[in-house]
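Contents: one structure, followed by commentary.
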Amino acid sequence: MIVNQFLILGAAVFALGVYGVLSRRNAVMVLLSVELMLGAVNLNLVVFDRAFRDELAAGQIFSLFVIAIAAAEVGIGLAIILLIFRNRSSANVDELDLMKL
Amino acid sequence: MNLDYHALLPEIILAGTVILVLVTDLLPVKKYWSAVVGILGTAAALVPLLTLSFCDSLEFCESTGVRSMFSGTYVVDSFALVLKGLFLVVALVVLLMSVGYLEGGRFWQGEYYFLLLASVLGAVVMASSRDFISMFVALELVTGPTFLMAGWRKGDDRSNEAALKYFIIGVISAAILLFGVSLVYGVTGQLRFADIAAAIAVRGESPLLTIGVIFTILGFAFKVSAAPFHFWTPDTYEGAPTPVTAYLAVGSKAAGFVGLLTVAYVAFGTTRGLWAALIWILAATSMTLGNVVAIKQTNIVRMLGYSSIAQGGFMLVPFGALVAVDATPDVLEKAFFATVTYIVIYAAMNLGAFATIIAISNRIKSGEIKDLAGLGLYAPGLAGLLAIFFFSLAGIPPVAGWFAKLVMFNSAIGSGSGWGLALAVIAAVNAVVAFAYYGKVVKSAWFDAVPDTVSDAMKSDSKVAPPLVLALGLTFAGTIAFGVFPSLVTSLSEFASSLSSGL
Amino acid sequence: MLTFLATNANQLILATEELGEINDGGLLASLAWLIPVVPMVAAFAIVFFGRRLPHKGWELAMGAMGFVGLYGILLAFATMNGEITYEGAISMGEFGPIVLEWGWMVDGLSSMMYFVVGVVGSLVFIYAKSYMAGDIRFTWFFASFSLFAGGMLVLVAAPNLIQLIVGWELVGVASYLLIGHYWEDHDNSSAAIKAFLVNKVADVGLFLGVIIIGTTAGTFRFSEILAQVAAGENDLLKKFAFLGGLALFIAAMGKSAQFPLHVWLPDAMAGPTPVSALMHAATMVTAGVYLLGRTFPLYFVEGYAVDVRPIIMIVGALTLFLTGLIALVQTDLKKVLAYSTLSQLGYMVAAMGAGAYTAALFHLFTHAFFKGLLFLAAGSVIHSVHSNEMTDMGGLRKYMPTTYKTFVIGSLALAGIFPLAGFWSKDEILVAFGKASGGAANFALYLGIAGAFITALYMSRAVYLTFFGEFKGHGTPHESPKMITVPLVVLAGFSLVAGLINMPGFSSWFTELTAVRFTVMGDYHPKAINFGMAAAGLSAALLGILIGYVLWSKDAETQAARDKFRIPLLYPLLERKYYIDDLYMDGIVRPLRGPVARAVDWFNGHVIDLFVNGAGALAKFVGKYVYRFDQSGLDSAIIASAAATGAGGSVLRLLQSGRVQQYAVMIFAGTVVLVAGFIIF
Amino acid sequence: MGWFESGWGLSLIVFLPLVGAVAVLAVPKAREELQKVVALGFALVTFGLSIVLAIQFDYGASEKIQFGTSREWIAAIGSNYTVGVDGISLPMIVLSTFITVLAIVYSWDHWPEPRNPKMFSMLILVLLTGMVGTFVALDLILFFVFFEIVLLPMYFMIGIWGDRTEVRIPVIGKVTEMRLYASIKFFLFTLFGSAFMLLGFIALYFRSGPAGDRTFDMIELAARSDLFTGSFAFWVFAALALGFAVKVPIFPFHTWLPDAHTAAPTVGSVLLAAVLLKLGTYAFIRISIPILPQEALNWAPAIGILAVIGIIYASFACLAQTDMKRLIAFSSVGHMGFVMLGIATMTDIGFNAAIIGMVAHGVITGLMFFIAGSMSHRYHTREMSRLGGNQKLMPIMGAILGLSAMASLGLPGLAGFWGEFMSLLAAFNPNPALNVGLFRTLMVIGAIGTVLTAGYLLWMMQKVNFGEPRESWDDVDLHDVDKWEMMAWVPLVISIIAIGVYPRIVTGATNDAVVELIKNAFGG
């Protein structure tokens, strides 16, 4: 099993997610970038699971939980973004500065 | 699979309440019935906790020692019992605080209680989780609803903003945590804490493990808002409805600590040098940053945000002091004991502080510290409570906070290491600095003249919602009682320290 | 016994058993605690009830003082029948090994002092009733006056050093109250403060002396300390005796107003005249001499504080000479007398230094009468002309015959004219100077004879300026009432005959009286009169009177015209009192009260608080910037890092991102830093 | 009276005032008379109990802990509710309850503005609990708790009823009201000290034995003083000393004091000066020295030097003051310097001197602050340059001021003398382990300090009491001492004279205890 390559891929995807989170102005895009990071996590979990040939398949099961919860979180996130969009007609994160110093 | 329903009863009752609240909301009754159901349900959930705790002396209860389920991934031990009890009590107080608050504004009430109780359910589950899957689920159950609650003042831009910031930072932290967990899994092949500890003991440390551990711990650092992962805290605290802030500052934070404690002690117990050093840094920076920045704050809730960062730092001190210490069970237990004690006391006094602030801002319609001026003249009762809770936060005897600080110092110095001592000294200086801003609030309320912004109507309006009075009473009683008879807390936290000895 | 004492000049008499039977004084001595207590109680009683009494408290004061006077007379007679040594003590508290005691002592020395204080005090109190009549604080005056006498009696009765301090300071505080009696006037309260502070400076010596002697001896009781001195076995005490003795002498210099701590006494004239009379005659200034007398063996027994003696002699001699000269240029009658007191105190102190215990005390004794007399007479004059200045007097001989006569008797006694009291005592002192060996003794002898001359000179000046010539004041002076003149006459009587009780070759009653049992005597009383010394002293005095007559007997319009001897340099020097007051004020007091005090206060607010408030300011400052960084400083941090790495748009892009993303940056950055740190270390 | 001796009596003295505070709280705000009566009643009963304590006390065994008890309090950290009285604490307890009664009596008709008798008397009672608690506590943690409790009422007293004149804060440059600056400065200063003190306590605990045999008990720790050696002892002593030194206060930790005393309302200043400062010196005698005797000897020269610097420094600072109350405040620094000098000698004489000095300073400076308060109440100014002729305007008050000034400058026969003189005496022969030359030098400098002390007090008297009154006071209603003032002050005057004449009132209780303490700490 070629673990290292997958690991590098996972790390790269995670980093991509980080980049997206940091650079995207639209909240939805930020949310998607976070999903990317979680994707990297899932990848890792599944790869390790296979690498260990885990009898309980714990990694895979964990990744299922992650996917499910990520979906829930996206739901929450979209709800909040919707709320903001409704109040301000914009979902840009750089406008979130009401509580600026 | 053999389920111990007695042990699971609190979760079951709470889950039932969550559903019941949702159902009540649909019924054509007054909205506060949801709250009543929630309060009753939460209180009911406390009953099995008590029977479990005093199992040995109860006839109908079957003593089985530690109740471990699902192949050891879900454990109801004394630690779990104490923390569950804490979460439930915190939930009760927050519910009491919320009732009046929600009545006064344009809010969705039923869903609010539903979300709050769901989050509490997560916290209760968290206390028993002994593997990463259940812990992650519990953690998300704690956090998820709070994202929504933070934005509960739906028409208020600040509240929305608070919610979004909190959400984004929250999910990023979750991602970091998960990434760390995935690496730990990769190194050890295990997700159950006990197995991870065993695997690490066998395999020893590796860079990958180090990265995994650090990522995991830092994921929790977000929850306990330790610097430098605290940035969301002040904004969110200020923007969120105050009862939610109270819950975030106490319930959610305590849940974070529960996770941190369990993970650090049970899963990573064998790489203590690593996380202790990490936490040492987090503790020192949190205390210092929180305190120093809090001095400059003008909004009381925002100030409490920084205060809670600093208090979080104090809570981390006992762990940080474990750097470079021989792992005698005594020392480990002391640190554990100190943190649990601190959490319990912190819960009482911080909730009290928030409850008082709710009562006050209901009256003066402001959250600015300078607008508290003259409170002692027209509302001595509230001003007195304010003084008591803030002095407690500052750690002045005889109100509870001093004892929290005492056990914190006690464990830091008791660790016997120079690092522990250094941290104690940093904490001591910080404890003094902290008074500068806690004192500022008291000063404003008691020493300053009544400003023009306070109308005569506000002065004469001495009405405080009855549930809030109850909340104030509970927290007041706790703060005083824990301060004067600290053994009330220590018996709890000693009971809870069973986890550390399980190493 | 007399012969034994008299024939052994400079020889120690260690064998105390040779002194004959000791009498414990019986009931009289055991009740002597009443002597200090009665005036003290009277003082308090006057404060609380005085105003309601018919004589507004005077009767209490008078009663107490009269009681002391009678008791003093009784004790004096009892002592004549045989030496009494009695020491009573009540324990008042423990400080570790030290037991504090209140006690009373009855022996020759203290009996003599009881007698002087009691008799002179009673006369002054009688006098004061009339003198102070109509004073706004009549009652308060007698309360303080009783306290004054009471304090002195506490001091005299003290059988231990610590009680001595108590009495010593009580005298000081009472003098403060009395000198500042007319406190509405700023100068008077300043004079009172001056008296208190100068004495307080000397009290540093007293404190240190008592501590040193008491601690090294292991006891504060005079009897035990002096017994140790006699036994000569306490090496520790020997080692510290010089320092302790010197310190005690400094204390004596303060109370007995020795040069250069004499400055307070002339200013103390600010008080009412009876105060001056009592202060100069019987209480306060005699305390220093008394202290030296009480601790006399310490300075006299070889191996102890003998090296202090030359210092004592020189200080005493300087005082008697220098202050006598100042008296020559005073125009205030009371100031003349004040400087004369200083001069006489110089004699007493120098005599103590020369080892002439009896002579010094004898001079104290006689001086009490004639100086008391002179002050009361001066008061009588002042009362009648309403001025202190001799320029407002003159020719009073005609108006106030009794006062005039008694004043002249006092003056002659002071000048040391045979056979008045002053002659005998001064002569004895001069003899002592002559007998003592060493340069200091010679110095004292020459200055002593010169002093006799100066004394006669300024006293004759005072007599001529006051009582002869034409009256220059306003109104018509008249003789004072009986209450004032009777004490004058009584004191004049004492001034005439008091010297006879210790006439060499004739009587030694005083010597026997003051010979204290447990002190190791190094004292002597001349067996026969030393005609050479007597002639020297007497002729110096007569010369002084003669010159005085030449200079001042003729009346003139102005004081300047009468003071013909205006020697350049010397006269202004005397008028400015050798610039010592100026030195103290400008050199010490003003700088301390002004610049030094202000500097300390400034230091408090600007240096110590610099740290205190600076810490606060620093916390706020740091808080401000940390907060700014926490909230928005990220922008600049990112610009900096972007510039450093040279990264292009991708990093700068972050600048435009929202706040929440900056938080995220911090989180990731923190994570990376921590991970990197832990991997590396 | 078995119950009294079993520890209940002592606990009653400690907590009765607290009950009183609650009782006052229960009285409706409008019923001021009742509030006053209740407050005074509780204070009087407490005082009465402390007198009973003093009567029942076995003076023959004053070195033993009496009326003591020890109950489990916080088992988890090994801290117990251990209280007791010995000869050292007894005078301090009586002093505390005594002064408190007088404070309430004085307040009867002199409530500071903004008028709030209810809260004010509650704070006084809470303060009393803290003060007495500190003096009876024999457990370090218990001590710490009471030590800190004292801060709260005082903070409020200064902050609410303090001086409202605007001052420019040195260094920071902000202009604020005196009371605000003083209250926070007072609190932060003390808190800073006590934070380190607490660290020291905990460190002692962990060094006090193997796990399971550790203790916070002061008596037990003193018995185990051999365990505390080396650099450990050095740092622990430093930490404790920091906490106590701020409270005393020892130069250079004193700058909170002039501000706090000046800003505080009259009764606040009185209690602050009379009792609160003694907590620090008492703690030195009770904790630092018995537990860390060897280290105390190492530190003694430093303490002695700072004490004497304090004496001289405070005198000069006093000479520069124009504000009467501030002058009295600064004089406390000097007087506490004498107390600390006595302690620094590490001898029984010095300790006795320190304790009697503490008591004397309590009654004397307490009285002076009372008078200063009453005077500024009448004249509406404390600037000495504007006063003058007070003796003429108010003869009785002037006389009492004079008496207290005389007592303050250490006039023998009045209370202040013994502490001062015996401290100097003790410095001549300090503990054999100390440098004799140094302490004798300190003795001489300290003795010179007495002259300066006399100087500033006499000049104060001259400015305030003497001279002709200014015309501007002609139309002002300046009544002499009123009955409440009389009732509050006469007992103080009597005690000043009584202690001055008969020092056994204090040393009779303390001496045996002190001798024993010194013997246990330094041997022989």
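When the chains are written out, they are named A, B, C and D in that same order, and each has its own residue count from 1.
In this section, contacts are C-beta pairs under 8 Å (C-beta built on N, C-alpha and C of every residue); 3 or more make two chains touch, one makes a residue touch a chain.
The structure displayed is predicted, hence computed values, not measured ones.
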*asked:* If you apply the touch rule, which chains end up adjacent to both chain A and chain B?
replied: C
*Could you say which chain's mean Cα position falls nearest to the mean Cα position of the entire protein shown?*
D
_Please tell me the distance, in whole Å, between the geometric centres of chain C and chain D computed from their C-alpha atoms._
34
*In angstrom, rounded to a whole number, how far apart do the mean CA points of chain B and chain D lie?*
41
*Counting in whole Å, what is the centre-to-centre distance of chain A and chain D, each centre being its mean C-alpha position?*
64
*In whole angstrom, what separates the CA-based centres of chain A and chain C?*
94
*Would you give the residues of chain C that are in contact with at least 2 other chains, written as numbers and ranges?*
616, 627, 659-660, 664
_Residue numbers of chain B (touch at least two other chains)_ = 164-165, 168, 172, 235, 436
*Two or more partner chains touched - positions in chain A*: 21, 30, 93, 96
*State which pairs of chains touch, listing all of them.*
A-B, A-C, B-C, B-D, C-D
_Considering only the defined contacts, which chain D positions touch chain B in the complex?_
72-77, 114, 119, 141, 144-146, 148-149, 151-152, 155-156, 159-160, 179-180, 183-184, 187-188, 191-192, 195-196, 198-199, 202-203, 205-206, 211
*Quick one: in the complex, what on chain C touches chain A?*
627-628, 631-632, 650, 653-654, 656-661, 664-665, 668
*Would you pull the chain B residues touching chain C in the complex into a rising list?*
164-165, 168-169, 172-173, 176, 207, 210-211, 214-215, 218, 222, 228-229, 231-232, 235, 274, 277-278, 281, 289, 292-296, 433, 436
*Enumerate the contact residues on chain B facing chain A in the complex.*
132-133, 136-137, 140, 144, 147-148, 151, 154-155, 157-158, 160-165, 167-168, 171-172, 174-175, 178-179, 181-183, 185-186, 189-191, 234-235, 238-239, 302
_If we count contacts the way the header does, which residues on chain C are in touch with chain B in the complex?_
616, 619-620, 622-624, 626-627, 630, 659-660, 662-664, 666-667, 669-671, 674-675, 678-679
